[in-house]
Each structure stands twice: as C-alpha cells, then as structure tokens.
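Once you scroll down, you'll see the structures, which are given as structure tokens.
Two complexes follow with chain A in common, the first pairing it with chain B and the second with chain C.
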Partner chain A sequence: MVIGIIHIIVSPVLALIIGIFFLGLSRKIMARIHWRYGPPLYQPVIDIIKLFSQKGVSHGFMFDLGVILSLTGCIVVILFIPFGALCPLSSSGGLLVILYLMLLAPLAMALSGGEGANPNISIGISRKLILSLGYEVPFLLILLTLMTHYKTISIVELVEIQQDTGWALFSLPLSLSGISYFLILPAIMGVRPFDIVSAPQEIASGLNAEYGSKYLGLITIEHGLSLFIGTALFVNLFLGGAHNPAIFFIKILLVFILVLFINAVFPRFRTEQAIKFLWGVPTLFAFLGLIMSLIFK
Partner chain B sequence: MDRNKITKWLKSPGKMSNKYSLWAIYFCTGCGIIEIPPVITSRWDAERFGVIPVATPRQANLFMITGYVSVKTLRAIIRTYEQMPEPKYTVGFGSCPINGGMYWDSYNTIKHLDKYIPVDGWIAGCMPRPEAVFVAVTHLWTLIDKGMANGYVKYREKYTLYRNNQEKVLGELDWQPLYPTDGKDE
Partner chain C sequence: MSVHFLLIIAFGGAFITYFSGKIHSKLRNFIAVFISLVLVGLVAFFYNRYTQDAVYLQFLEIRLVLSLNTLSWFFAITITVVETLSIIFSLRYVKGKEKTDFYYLMMMLVNAGMLGIVLSGDLLSFYIFWEIMSWSAFLLISYNKGPALAAGMKYIMMSVIGSLCMLIGIVSLYTAYGTLNISEIASLIPSASSGYILFILILLSISFAVKNAVVPFHTWLPDAHSEAPSPFSAILSGILIKVGTYGFILIFYVIVGLKIFQGLFGFRSILLILGAVTVLVPSFIAIFQNDAKRLLAWSSIGQVGYIILGIAFGTSLSVTGGIFHFFNHAAFKALLFLCVGAVEYRTGTRDLNSLGGLIKKMPVTFIGVMVGACGLIGIPLTNGFVSKWLLYKTLILEPAPFLAFVSLIGTWAALFYSYKLIHNIFLGQLPEKYKDIKKAPFSMQFPVIVFSTIIILFGILPGIPLTLINTIVMSFGFESLHVTLWGIASETGTLNTINIFFAVLAAGIVSWLFFRAGKKSISVPQEDTYAAGTYIPKDKYHYTVDFYNPLYRMITPYLKDVIDTFYNWIARSVGKFSNVIRKIYTGDVGNYVLYIILFLAVLIFIQFGLKLW
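Presenting the complex of A and B:
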C-alpha cells in the first residue's frame, strides 16, 4: 500500500526529470549538428523558472483549466507505463487505457486554445487534431497486432513475455509493426518533420501563440512529458522494456537520440503531406504486420 | 560567467532566470533583417547566451527594434510591447530608433523611440555588426543585475506621459489604456 503510493509519486517525478533532460539534450544535440556551441544542458530549467516568475495574462476560466487538464492527461498516462520495474497502476487496464488517455492531452489543449480567440490558435488546434487522427490509425493497428500476438492487453505482461522470448522488434511479424511505430514516433512526440502544430515560421507557434508566462511553463513541461511517453512506449512495446530503471533509461535515451537525428535533418511536412505519409507507409506496414501475425500464429 | 553561482540563484531566482533566458522578439522594421539571422543561426549562435527567437509577444521578454520606425509601425510596436509579460526589456538596434539617423528630416518616421515606449539599451551604428547584439545582451545582464533595466516599471509609473506622447503622433488610439491613467481620456 505505502510502496504503491510512493511509486505513484516517484514515477511522474522521474518522468518529469527525464523529460526536461530530454529538452535540454535536444537543444544541445541540435546545436552541435548545426555546428554551434549551443546552450548549457540545464537551459530548460532556467527557462521554466523564468516562465513561472513572469506575470502573465489569462483569457478566461477554460484557458487555465485546459492547460492543467492536458498536463494531467500526460501524468496519468505515465502512471500506466512501466518504467523498468516501476509501474504504479500495472494491474488495471493496460494498453486500452493508454490508448484512450493519450487523446486527452490534445483535446484539452484544443479546449483551452479555443478561449484564446486567436486565428493562429484555431489553425494550430485543427492541425493538432488532424495529426492525432493521422497517427491514431497506424497506432491502433500496431497495438492490435501486439495484443493478438501475445494474447494480452497488459503492458506489464507484454514486457515480461519479451524478457523471456526476445524483443518484439526482432521477431518477424512484429518487426513490421516496430518499423511502423518508429515511423510515426516523431508525430506522437510532435517533432520535425511533424511539427506542423507549433510551426513558428508559418502560424506564429500555432497552438502556443497566446500562451505566455506560467501557461507556457506548464506547456513546456507537458512537451517534455510527451517526449518521455513516446519513447517509453516504444521501448516497452518493442525493445523488451527492462527490469532495471537504469537500463530502461539507456534504452529510451538511445531511441530519443535517433528521433533527434530525424528531427535535425528533415524539414517540416505540410498538413496534407503529413496525413498522406502517416496513412501511407506506416499504416501499410502495420496492416501487413497484423495480417502476418494472424496467419503465422 | 556566474551562471553557476548557487547563492545568487537561491537569493533571487526570478532575476537570475530572466537574465539567462532572454527570449527575443525581433521587430525588423526596415533594415536589420540581414543582421539578425546570422546572430541566431550557426555563425554567431545566440542560443549559447540563452537568447532564442520566439514568434509571438506573449512568450517574449526581450524586444529588439531594428531600423527606422515609421508612424505606421509605431502603432504595432506599442501593441507588441504592451502584450509582453513583465518583466520585459527593450533594446533599440541601429541609429534610427535613437535619433532618426539618416531619416532625421523625414516627415513620417519617429525620431526618438524612447518618447513612446521605454528603452533599456541602445546599440548605435548604421548598421551595427551582429556581434553588437552580444555586447548588448551582456550589458543588459549587468543592468538587470544592478536593477537598472527597469523600463517596464517606468512605463507603468509614467503611463499617462507615454500615452499622451503616443496620442500626439497617432491621434486617437483604438485600444484601452494598459494601466489606469490620471488624465483626460478617462
């Protein structure tokens, strides 16, 4: 009981630390790829302290509430994702709950941004919802493949089976789903080439256009957490998770750096190009993986 | 570099974080658009100072006005400045915002920008080199440390004066006063 409560507190805090570390690391690595020196690794911490010390403007009740709701959505998803041996809510739900809760953050941001009454926010909302529509289709197919292949909906059991029989990424029908998940990973994490939601050059940072001060601080934290969720799901579903938090951290770090390289090299998709890509190659791979896992049972 | 001094951070985290995380909104009116991209990209890399460009005034706390200010852009400058969250800092870049520069006798440019919004620092020259931005940023750090970069406080205290100056040039302003004025237009 006490250990369970401690796990519920520790797991989001760890995710928060890793998320902010990822933000700093991404800025540093991007800078080195651009042949710049780059900011110090703890620059996001400075930014977040600054944002919370500023005096900002609110646009109404829903404007405040939506930001908090979306952060809550991220934190609740983290409680269902095993972090090494650390999984606070392992016995309840599993993949189906994660599937539902992952939609909470975009919807809450849409709710909040509507109050801002800025045309750039409206474009940002529509792009965010379209993008989540785009990656949900292959994502659903991938999860369906995993659930039918391993005959379980619990993500903890999934990790345990993979610890015994080898990673899902290297067993044949599932490796197609793994490739498909890696292709949609930038869209789930909202980085290039899928950063159409917060495109600063086109739509003045889109969804974040009216958010300053502490609202932007909460959004930055939420972005860090969403980076953690995307990579942690990939590691748990396809790279066999880990029994040890340290090994788990090394795995998500490697996946994140791979995604960063994609982020550094590719330019941004237009909205319809992004949907065309997401419903093209990744969906095809996920569908093939599903059919093959049904045939070669 | 006193970015690592723990005691200073514990004493005034707000001030220190404002110092090392200046998010800039660049208002490139006419010239200056050539000097800013090298500053923020690979050649001079402003990000190592914590300075990054942002797209909207709501997220920014450093306001850079580069080049001449015509009467029409002054309206946008004032609105941008009033939307920024406090504490906010303004830097005029180039000689035109200081005293008109080569447009000293033009009929539709503003000669002294600091009559209309408070300016914390100037970078003189026509045009200054991109390195001058870093001189300005490090100088702004010293000013913030000493509590001298208080333009936003001045704006709040003497808002009636600034508002009157703005109305003198722009005529009737079509937005509400940011702070209560003790003057005629209430």
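Presenting the complex of A and C:
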C-alpha cells in the first residue's frame, strides 16, 4: 500500500523533471545543429517561474478549467504508463484506458481555446483535430496489432512478454508496425514536419495564441509531460520497456534525440500534405503488419 | 398485484391525460407527470417480482400473455425513466403550441406501446404493441408540420415494410408450431432445420433493423429525428429505436438460443459487417452536419452500430457491452437532444453556424452537453467508456482487430462532432442578437441534471447496472462475469473505475494547486483578444464554419448516402411506373370493355392460330 502510494507520487514527479529536461535539451540540440550556442539547459525552469509570477488575463470559466483539465489528463496518463519498474495504476484497465485518457488533454485544451474566441486558436484546434485523426489511423492499427499478437490489453504484460521474448521492434511480423510507429512519432509529438498545430510563423502559435502568464506556464509543463508520454509509450510498446527507471530513461532519451534530429532538418507540411503522408506509407505498413501478425500467429 | 396493472395504467393514463386537457391545461400537465412517475414507481416495484405467462386476453385460440423477466424489467425501467424526464421537459417546450393535448396523448401512447412490447410474452401482443408504438411515433414525428410531414412519411413507409416482414415471420411461426408463446417457440425451435431458422431470423431482423436504423435501413432516421419535437427526439433516439435492439436480443438469445445462434456463422458475419458500416460511415457524415439535431441523429445511427456489434458478436463480454451501451446511449443521447431542445427553445434556431458563446447564458445546459458529449466519446468516468471498454476488449482478444479498428475510429469521429456541437453552440463569439438570452427554465434543467448524474454515477460505479446485465446475460446461457461495484475483474485484463476516479481526482487537485500557485488573473471580455495587430470586429465571425474543411475535401467523395439516393430512385421509378399505368386505367368503362374484348380476341387468336391447348 505504502509502496503503491510512493509509486503514485514518484512517477509523475520524475516524468515532470524528465519532461522539462527534454524541453531544455531540445532547445540546446536544435541550437547546436543550427550552429548557435543556445540557451542553458535549465532555461525552461526559468521561463516557467517567470510565467507563474506574471499577471494574466482570463476569458471565463471554461478557459481556466480547460487548462487545468488538460494538465490533469497528462498526469493521469503518466500514472498508467509503466516507467521501468514503476507502474502505479497499470492494472486498472490497460492500454484501452490509456488510449481514452489520452483524449482528455487535447479535448480539454480545445474547449478552453474555444472560449478564447480567437481566430488563430480556432485554426489551431482545427489542425490539431485533423492531424490527430491522421496519425490515429495508423496508430490504432499498430496498437491492435500488438494487442492481438500478444493476446493482452494490459501494457504491463506487453512489457513483460517483450522482456522474455525480445523487443517487438525486432520480432518479425511486428517490425513493420514498429517502423510505421516511428514514422508517425513526430506527428504524435507535434514536432516538425508535423508542427502545423503550433506553426508560430503562420498562426501565431495557434492554440497558445491567447494564453500568457500562468496559463502558458501550465501549457509548457503539459508540453513537457506530453513529450515524455510520447516517447515512453514507444519505448514500452516496441523497445521492451525496462526493468529499472535508469535504463528506461536512457531509452526514451535516445528516442527523443532521434525525433529531434528529424525535427531539425525538415520543413513544415501543409495540413493536407500531412494527412496524405500519414494515411500513405505508415498506414500501409501498419495494415500489412496487422495482416501478417494475423497470418503468422 | 399483477403485470396487467402496469399496462392498464400506461394506456388508461394516456387517455385520462388527453381528456383532462379539455378541462384545464395545468391539470393535464400534472396528470401527465404524475402518471409517468407512478409508472416509474410501479416498474421499480416489480423488481425481482417476475412473472411468466400471465394471461390477459383469449383471442380466438391464441392466449395473449404478459411476462416479466430481468431483460424486460431492465428495458422497462429505462423506458419509463426517459419518458418521465422527457414529459417534464415538454411542460415548457410545447406550452402555447397547438394541439398540446394530442401531443401528450401520443407521447404517453408511444410509452405504453413500448412497455407493452417489452412485457409481451407472445408474438401477437408483441406485434400489436409494436404497431401502436410505430403509428403513435409517426403522428408525433409529423407534429410540427412542414418538412416534418415528409419525414414522418419516410419513417412510416419504412416502418410498414419492416412490420410486414415481421408479420410474415410471425404467421410462418404460427403455422409451423401452432403457438405464438415466446417460451414455447423457444423450446420447439431447436428441432427446426437451420434453413428455416435463418428464414425467420432474416425476416424478423429486417423489421428490427428498420426500427434500430442499421445501415442500410437507416435512411428514415436523420429526417425523423431532426424534425420531431425535441423531447420526442430524446425518446425516439434514446429508447424507441432501441426497441429494435430488444427485438434483436429477443430473437437471437431468447427464441433461437445461444447455441444455435453462435452456429450461424454467415448470418452473424453479415450482421457484424453491417454493424461496422453502421459505426463508420454515419459517424463521419455527422461531422459535416450544420443542424444540431441532424448531427445528433447521424451520431445515433453510429452508436447503434456499437450495440449491434456487441449483440451480434455473441460472447458474454460483448453482449454485456451491447446491452450496457443501449442503456448508456439512452442516457446520453436523450440528454443531448434535451439540451439542444433547450437551446432551440431559447434562441429559436438549431443552426450550428448562427449560434455561439452561450456558455455564460445557459451554464447548466452547457454542463449537460459536456457530460453527454463525454459519455458519447467514451471519456473514462462516464458510462459510455465502460460499455465501449467491454466491447473493445472482446473484439481485440477474440481476435477481430478490424472490427475493433472500425469502432475505435468511430470514437474519433465522435470526438470531432461532439467538439463541433459544444463549440458552435456554447463557445466562440456570442452573437449580438443573443445578448439578452435567459437561462433555460427549471423544468428544462431538471432532466438535464438527472441524466448527467446518471452518466457520471454509472461511469464511476458501473457495477450497479452491470450486476443486473450480468443476470440477463447469464439467463441466455453465457458464463458469469466477475462484476464488482467498480468494474470487471478477469485474467485477461481488469477494469477498475474507482482507481481511475481517484487518479483523476488527485491529478486534478495537483493541477489546480499549480494553477492557484500562479498570480491571480484578471477577467477580460471575450472581444479583447490577441490577433497579431489586426482588429477582430465584433459579431462578425463564427470561426468554426467549415471547421473541418481540409478533412472534408479529402473524405467527402466517400461519404455520399448512396442508400438514400437508391431508395429515392426506387420511389421515383415506382411513381413513373404508376403514371404509365394511370394512362391505361382511364376510369372510362368503355375503355375497360375495349380492353376485355381485345384480350379475349388475343386469346381466341392464339387458340385458333397456334392450338396450344
């Protein structure tokens, strides 16, 4: 019981630290690739403290509630994702619950932005929803492939089976799904070439246009957490998770840096181009993976 | 006290309400609400006091009987509760309209008919109550005149075709077995050939599929739901179409029986494919609707697909999920229709492109739509999540990954149209003309509050209805599920909603503390927005018109309602054909005599010329 409660507290805190570290790291690595010096690693911490001490504006009840709910959604998802040996609530419904809880954060954010009544926000939400439908098609196929192949809906069991039989990425019928997952990973994490949702140069950061002060602070924290969720899910599903948090951290760090490299060199898609890409090669691979895993049981 | 009493009150109450309206409208309103409440109380009273084959009428050689078991009790309580709340909502909604007495009479007749259907213990009473329900519903759909008349016509045409199929099936069963009693037929049918069982199943399924709006029998639903008065749309979508679900469960698991039904692999596959199409296409059509009620109507068709998938898949988890989803859909779709009705009552429109910003004006209705939409999408901690979880789990583990994929994508479509519904009515800019809108009257808020409570309560403690559904499913011969108060325990994955609840609560408190830690913000009017130096004029924009345009351009070629076009083509062709025939039947006796003589002449010519006989 006590250990359980400690897990529940430790795992989001670690995720928060890692998420904010990722934010700093991404700026640093991007800067080095651009031949700049870049801000210090702890810059996001300074930013967040600054944002929380500023006075902001609110557009109403849903505007506030949506931001809170969206952070709630991110924290809850983290409780369900195994983090090395830490997995506080993983036995309460499995991958299906994670899938549905992951809806909470974007939906709450969209509702909050809706009350802001800013045209930039509306464009941002529209792009976010359409992009999510775009990557959700291959993503769901990949998840279904894993769940039918390993005959379980529990993410902890998925990790355990991979610990015994080897990573899913390198076991043959699932490799195709793994490749497909890596192709859509930038879209899930919202980095280039799929950063159409924020797109600072076109729509003034889209969803974030109307937010300042502590609202932007909360959104930054949430962004860090979602970077953690995106990479952690990939590591758990295809790279076999890990026995202890340290190895797990190294794995998600490597995946994150790979995604950053993609982010650094690609320009941005238009919305339709993004959907066309996502429903093209990744969906085909995911589909073939599902069919092959049904044939070679 | 016997079950007859329930029907006597339901039917008698309807007419008492009608005649009391001739005396005074307040008296009528009181009686209508009172009788509905009495019915809820009575049905609740009959919990666990089940009867089998209580004879109420001897008709020729057929004994008409009523019977009550867990399945019919579960449907009966849903029907009466939704009906009561809709009647309460109607109090203000139809006030001042013409023919209100008639409206209440028909509302209560529909209710009585549905109660009769779920209580009937033989197929003849089933058919009679079915027709009472169908025709009263027809009169209510056409209540608003204008386009509603055409919608009602479309509904009743398809309904009659369905009823005819059912009648043929029932007559055939009677000639084969000499009885119409459901339990007797159920004991006789295992000896029948599988071809005959299939014949009966297809006939009855067509009838139920029309009522349940399964693709390709769905075309009546969008028109009927959007044109009917809102409280009746709630009943129509919440429970009336689910009477078809009851019919499906009745023939599949009570009459034909689990063993034989699981053996009919081809029939089940076709039904599953139809279910999957019913989930997928209507859900995406719903995204691009601009009429709030039409959007909800298309979404109803999509949700029906989940129920069909659950029932046709035929494992204990899936059937539990299907039946639970029937109940959940009744709760959240009735809630959504009532909320949209309240908005329509205050603003006079349900066009999504001309509403907006009503959150501050109608807060309770907003919360209602939020809760309903979360249930519809299946966000955890609403009841919709639990039923969908049950369904997905069985689809994934059985394994039927493509069906699971279709249902999961349907959820994303639900997210899209739910967001559109919420945003276009309640968020965004408030148009100048709605500056002085008042909040909905209490009689319109009360049902919203009750439904929202049900949705969240059964989302956190799904064990309450699930134990009941488990008894139903066990009576069909399935193995029992390990239902606890907060979910389902099993070896292949457990669901524990109370854990999710506390996790969300704790995370919510933490996030709120973060929020409180920052400096207090000042409230500014909605127009005070950042637009990168450009001026955003008031009352000019509705930002979500053509919101999903990039998606629309990509998928619209695949979203034509081919079936509706096909039916309309048939209707037109029949019309043309009839016009040709009308030219022959001129109505002039002389012409007819001429036809007869010509025909005889041809016969004589054939006889003499060819010597055929």
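Throughout what follows, the second predicted complex is superposed on the first by the 297 of 297 C-alpha atoms of A that agree within 3 Å, B and C clash if a C-alpha of one lies under 4 Å from a C-alpha of the other, contacts with A are read in each partner's own complex, and residues count from 1 in each chain.
The rule is simple: contacts are C-beta pairs under 8 Å (C-beta built on N, C-alpha and C of every residue); 3 or more make two chains touch, one makes a residue touch a chain.
Model, not experiment: these values are computed from the prediction.
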Which of chain B and chain C A:209 touches, first, second, both or neither: both
Which of chain B and chain C A:136 touches, first, second, both or neither: second
Partner contacting more residues of chain A (chain B vs chain C): C
Partner chain(s) touched by A:56 [first = chain B, second = chain C, both, neither]: both
Partner chain in contact with A:262 - chain B first, chain C second, else both or neither: neither
Partner chain(s) touched by A:37 [first = chain B, second = chain C, both, neither]: first
Chain B versus chain C as contact partner of A:284, first or second or both or neither: neither
Touching partner for A:253 - first (chain B), second (chain C), both, neither: neither
Common interface residues of chain A - those touching chain B in one complex and chain C in the other: 53-57, 120, 204, 209-210, 213
Of all residues in chain B, those that touch chain A in their complex: 3, 13-14, 16-18, 20-21, 23, 41-42, 45, 47-48, 50, 53-56, 58-59, 61, 83-87
List of chain A residues in touch with chain C within their complex: 8, 12, 51-62, 64, 67-69, 71-73, 75-76, 79-80, 89, 91-94, 96-97, 99-101, 103-104, 107, 110-111, 114-123, 125-126, 129-130, 132-133, 136-137, 140-141, 144-145, 147-148, 151-154, 204, 209-210, 213-215, 217-218, 221, 271-272, 275, 290, 294
Touch list for chain A against partner chain B, complex: 27, 31, 34-40, 43, 46-47, 49-50, 53-57, 120, 200-201, 204-205, 208-213, 216
Contact set on chain C toward chain A in their complex: 357, 359-360, 363, 370, 377-380, 385, 389, 392-393, 396-397, 399, 401-402, 404-405, 408-409, 411-412, 415-416, 419, 422-423, 427-429, 487, 492-497, 499-500, 503-504, 506-508, 510-512, 514-515, 517-524, 526-532, 536, 541, 543-544, 547-551, 553-554
